[in-house]
Structure formats: structure tokens, C-alpha cells
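Sharing a structure, written as C-alpha cells. Questions coming.
First chain written, first letter: the chains are A, B, C and D, and each begins at residue 1.
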Amino acid sequence: MTLRILATGGTFDKHYDEIAGKLDFGTSHLPDVIKRARITIPVAFEQVALLDSLDMKDADRQRVLASCSAATESGIVIIHGTDTMRETAEVLGAANLAKTIILTGAMIPYEIANSDALFNFGFACGVAQTLPHGVYVAMNAHVFAWHNVQKNRSAGVFETR
Amino acid sequence: MTLRILATGGTFDKHYDEIAGKLDFGTSHLPDVIKRARITIPVAFEQVALLDSLDMKDADRQRVLASCSAATESGIVIIHGTDTMRETAEVLGAANLAKTIILTGAMIPYEIANSDALFNFGFACGVAQTLPHGVYVAMNAHVFAWHNVQKNRSAGVFETR
Amino acid sequence: MTLRILATGGTFDKHYDEIAGKLDFGTSHLPDVIKRARITIPVAFEQVALLDSLDMKDADRQRVLASCSAATESGIVIIHGTDTMRETAEVLGAANLAKTIILTGAMIPYEIANSDALFNFGFACGVAQTLPHGVYVAMNAHVFAWHNVQKNRSAGVFETR
Amino acid sequence: MTLRILATGGTFDKHYDEIAGKLDFGTSHLPDVIKRARITIPVAFEQVALLDSLDMKDADRQRVLASCSAATESGIVIIHGTDTMRETAEVLGAANLAKTIILTGAMIPYEIANSDALFNFGFACGVAQTLPHGVYVAMNAHVFAWHNVQKNRSAGVFETR
């Protein structure tokens, strides 16, 4: 198996800007996260965007789709903001690529104590190698088909529609 | 899907004893790790042992097997020391249970900076839900069949035999 | 020596609210921080407020002053937001109490990777025991008299006026 | 004020060696710790040794003394193992240098969760600037004169003799 990791931003990758005093995007944490995971299979990393998913536009989703189409790896993990993860999943799902594409993210940024980011990334790297071709949302040990998932914003969890 | 998590000890769960000045076992980190992962599927936790895997005896492996046999969940993740992970996998593999059993662990203890423990745990929780029934070693994004894995101690990685 | 620690909020004590998706205040980290520091002298903790220092009003500063006046300890450490640390220092300085009062805080919240919070807290606990009576701002290994300090917001550091 | 930081090893600076599976010394964490503290006064760093303090010999203590003698800074912080911190303090104390020399360390290594290392380092950087010339042990918010301190090994704390 080989894996491609796509960074698009989202809570997972937010960084505390000490001058501005707020969470924003700096450089992606993913290269460090991949090193930390000590991944022993071939893995490629690509930064498509670093956006809050509420700021993601159609053109951004098309760039994500283009990266998935161009990838030579059969398993793809996309780090994405949770708020519009489903919308991107729908764009990718409709394209019907012969690949296993997993969207994941985090409820707490990677650099903040008690973050679920590394767990979700590991989980996504697992199911990206084992699920049949298709597009999935994988968060907090739960796999959802792209056409049957929604974020419950008040509870802060994903659920079936 | 439902998951059962079995703690047996190993590097993953080591704890720094500040009086003795060395790494040892205290209470398992797994309950905290499970909470941190915000797992949204049913999950059961069971502490079978807290041992360095070099200290694990046949009787300990039989207890792990007994817990796997008794489990009502179809997916089982076992946190285990890396040094004899393969030996325990062989005991479980030979039993041929109708379950998906994943052994995982860590190269760096969970409580130490830059640990791979949370990644490996997430990875194991993913493949425990998606692989066919059988026994597997899953470390650092790589899945191995139980009868075809060994630890390369000088490189600190798992590889096929 | 004995110490009193006063929490008033500020960057040091911010907490990531995973439902709202932003940094806010939950319960103070200070009780955990004090435990972690393994302080072996008598220490009292008091939560006066949990505010962004930009939201601190005259009445809040008067409550901080009242706590300082009422304290039986001769050394007081106040955890405070950086943006109006000087204004609170001025209120306390003018009161001319026979105590050593140290205002400190953090450029990065305690719960975020690479935070200076624990260092600044340790630094403040040191100079609170050793400086003559008076009011001081102590940040990033630098002690300032209360009447001669300002925050350089573009550089994110404190400096003399 | 200016500060000199001397690394000599000790629990503070221990590093988990994932191949050997134990705590040892790699490169010192101190350069990273100093950066993290965002120190805004002039600071010099010097690595004298990286030793478990039980392995420290007379010659090593003489090298620490030589570094203290040669230092142009008036405040010196020495990161040292706790087990023989008092012995080194005695060597330095007898030399009667016209400098403020603070020995500190940690009960839990810097890279392990819940470490007191950063707190102790901040504390030491504070009292190194404010105490009269002399040699002190400063641990867990408590300052001890060099001739009146001992480690209580069963309790894991320092106390007066």
C-alpha cells in the first residue's frame, strides 16, 4: 500500500499566532505529524490549501478533486475542516474515482492539549488502506459514507443523516 | 461496529516514576486516551495486564486469548509491548477466532513528547473495523499478518519475515 | 516564605472550546499548574476573575487590589492578560502595599504547544520571594518596575517605557 | 541583567531512546527550552556535560566550577541532576565566587508529560537575578543555601538538613 496525505487546513492544522493572539494558519503541522507517526509505508504529502473550511469555495474543492484525480496512490487521506467536510466529500463522491479517499480532521487543533488530531489521522491512515474504493468521512473512530453524514454542531460530533 | 480495547502494558503505557527515577507502570493511560479520542462508536475497555512484553509469560498470553474469546465485540485492539508482540499474535492467530484482532503499541511511551502511541491507536481502531477476521500487527501505518511479521530491533521497526 | 497565587484570566489561562471552535475561558489551569510545579513552600490559590485583560474594568482591578490587601502572604503572583497588565500594575503600585506583588502571564496559552506560561509562572514565583516590596511585571525572564513598563504589541514583548 | 545557562545533564535533560527503549541523553533540550521561554534579556548557553548526576566525578564538578569562574555574567543557572546537586553546590560554594549561582533540575524529564522542568528553570532564572552573590539550590519554588540542603529521596523533595 501507498498513501497520499492532502492538507487543506481546518481545525487540525490551526496555529496560535502569538502576536495577533488568535488561532490562524502558519505552516502545516502535517510534515511533523507524518514524521512523528514513523510511517513505514510509502507516503506522499501535498498541501492543497490551508483554509478554515467555512472559507472554502467551489474552486478550492475543485483543486482538492484535481489532486485526488492526479494521485498515483490508491489510498488518500484529506485533512479538512469539520464544518464543510461533508460538502467536499460530496464533490469527491460524485466524481466516482477508483480510489479510497478518507476525509478527516479534528475537534481540537493538533497543537492544543488533549487534541484528537493524531488519533483521527491514524484512524484515517488505517481505513484508507482497507476500505473499498469510495469517499468516506472518518472521525473519532467512526466511518461514514460520503452521502450519509452530517456534523451535529451543538454536540460537536458527526452522525448519519 | 463496536470495539474492545485490551491493555496489556508495553512501551505505550509506561509511566515515569519520579521517586524511582525510571519508566515503569502506574495506572493505564488507556482510559484517558479513549476519552481524548472522542470515540463515537460503542467501545469497551479491559485491562488484562500491565507488563513489559519481555516479562510476558505463556499464562499472560492465555489470559489475553481468553479475553479475546470472551469478547462480544467483533473488533478488538490490543495494546502490547513491541518486543514480543509477534509471540502473542501467534498464540491468538492459532486460535482462529471469528474476530478481527489488532495488536498495536508504540516506539515512544504515550506520555513522552513525540510519541507515536496515539497515531498507532487510531490506526488500529481503523483497521479493527475494516479488515477481515484474523489476527494482525498494526504499527506505524503498516498492517502485517500475524504469521509474517518480526520486529527489527536495531532499526526499531516492524517488517515482514 | 509563603506565596499567594491570584488568577485573573489572560492568555495564560485560555481554553479551547471545541464546540464554539475558539479560545475562551473554562476552569482555570492554575490549580493543575501549581500541582505540576510540585511547590514545597506554603501556597494559597485564589481565582479573582477569568477575563481577557482587554475586558477588565476598574471594578475588576479594584477586586485584584482588594485580594492583594487582604492577603496574609508577603509574596503574591498575579496571572494576568498581557494587554492591560501595566494598567493593573499601576493600580496596585499606587496602593503602595508592604508586599512583593508580581504580575505575569503568557504569550501562548498554557494548553498550547510551546507555551511560555509555565516558565513565566516559575520565574514569577522566584522573584516574588526575593524582590523588595513593590509591584513588578515579570515576563520572559525580565523584571520591570510597575511604573516603567509597556507592551510592544507588534513585537509581542514587554519593554521599558 | 545577563544570564548564563549551564547544562550538565540530569533528569531535566533526559531523552527517551526509542531503539534502546530507555531514558538516556541525546542532544540537550536547553536550547529549545531557552527559545520557548522567549527570554528578552541577554542569555548565554554552555553545555558542560550531559551526565546522570550519580555518574558525575570530581573532574566534572571542577569543569562546572571552571565555567562559573570564567563566566562574565553575574547570574548563572546550572541544570543538574538532583541526586548529587548538593555535592556540586558544595564545590561551588567553597569557591566563594562573586556571582549568584543557582542549581536547579527536575523530578520529571522535560520531555515527559507533567514535567516540573520548565517551572524550575523559570524559577531559577528569577532568583539568579535577585538573590545576593552566593550558591543556591532552587527546586519547586523553594530556595536553599548550598550548605543547608539535602534531597529526601524517598519523598522526592529537597529539604533543609
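Just so we're on the same page, a residue touches a chain if its C-beta (ideal position, glycine included) is under 8 Å from a C-beta of that chain, and two chains touch if they have at least 3 such contacts.
Just so you know, these numbers come straight off a predicted model, no measurement behind them.
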Between chain A and chain C, which partner chains are common? none
By Cα centroid distance, the chain farthest from chain A is D
Taking each chain's centre as its mean C-alpha position, how far apart are chain B and chain C in Å? 43
Calculate how many whole Å lie between the centre of chain C and the centre of chain D, each centre taken as the average of the chain's C-alpha atoms. 25
Residues of chain A touching 2+ other chains? 107, 114
Which pairs of chains touch one another in this structure? A-B, A-C, B-D, C-D
Chain A residues touching chain B in their complex are 3, 33, 36-41, 43, 107, 114-116, 118-127, 129-131, 138-143, 157-159
Residue set of chain C touching chain A in the complex reads 11, 16, 18-19, 21-23, 107-109, 111-114, 153-156
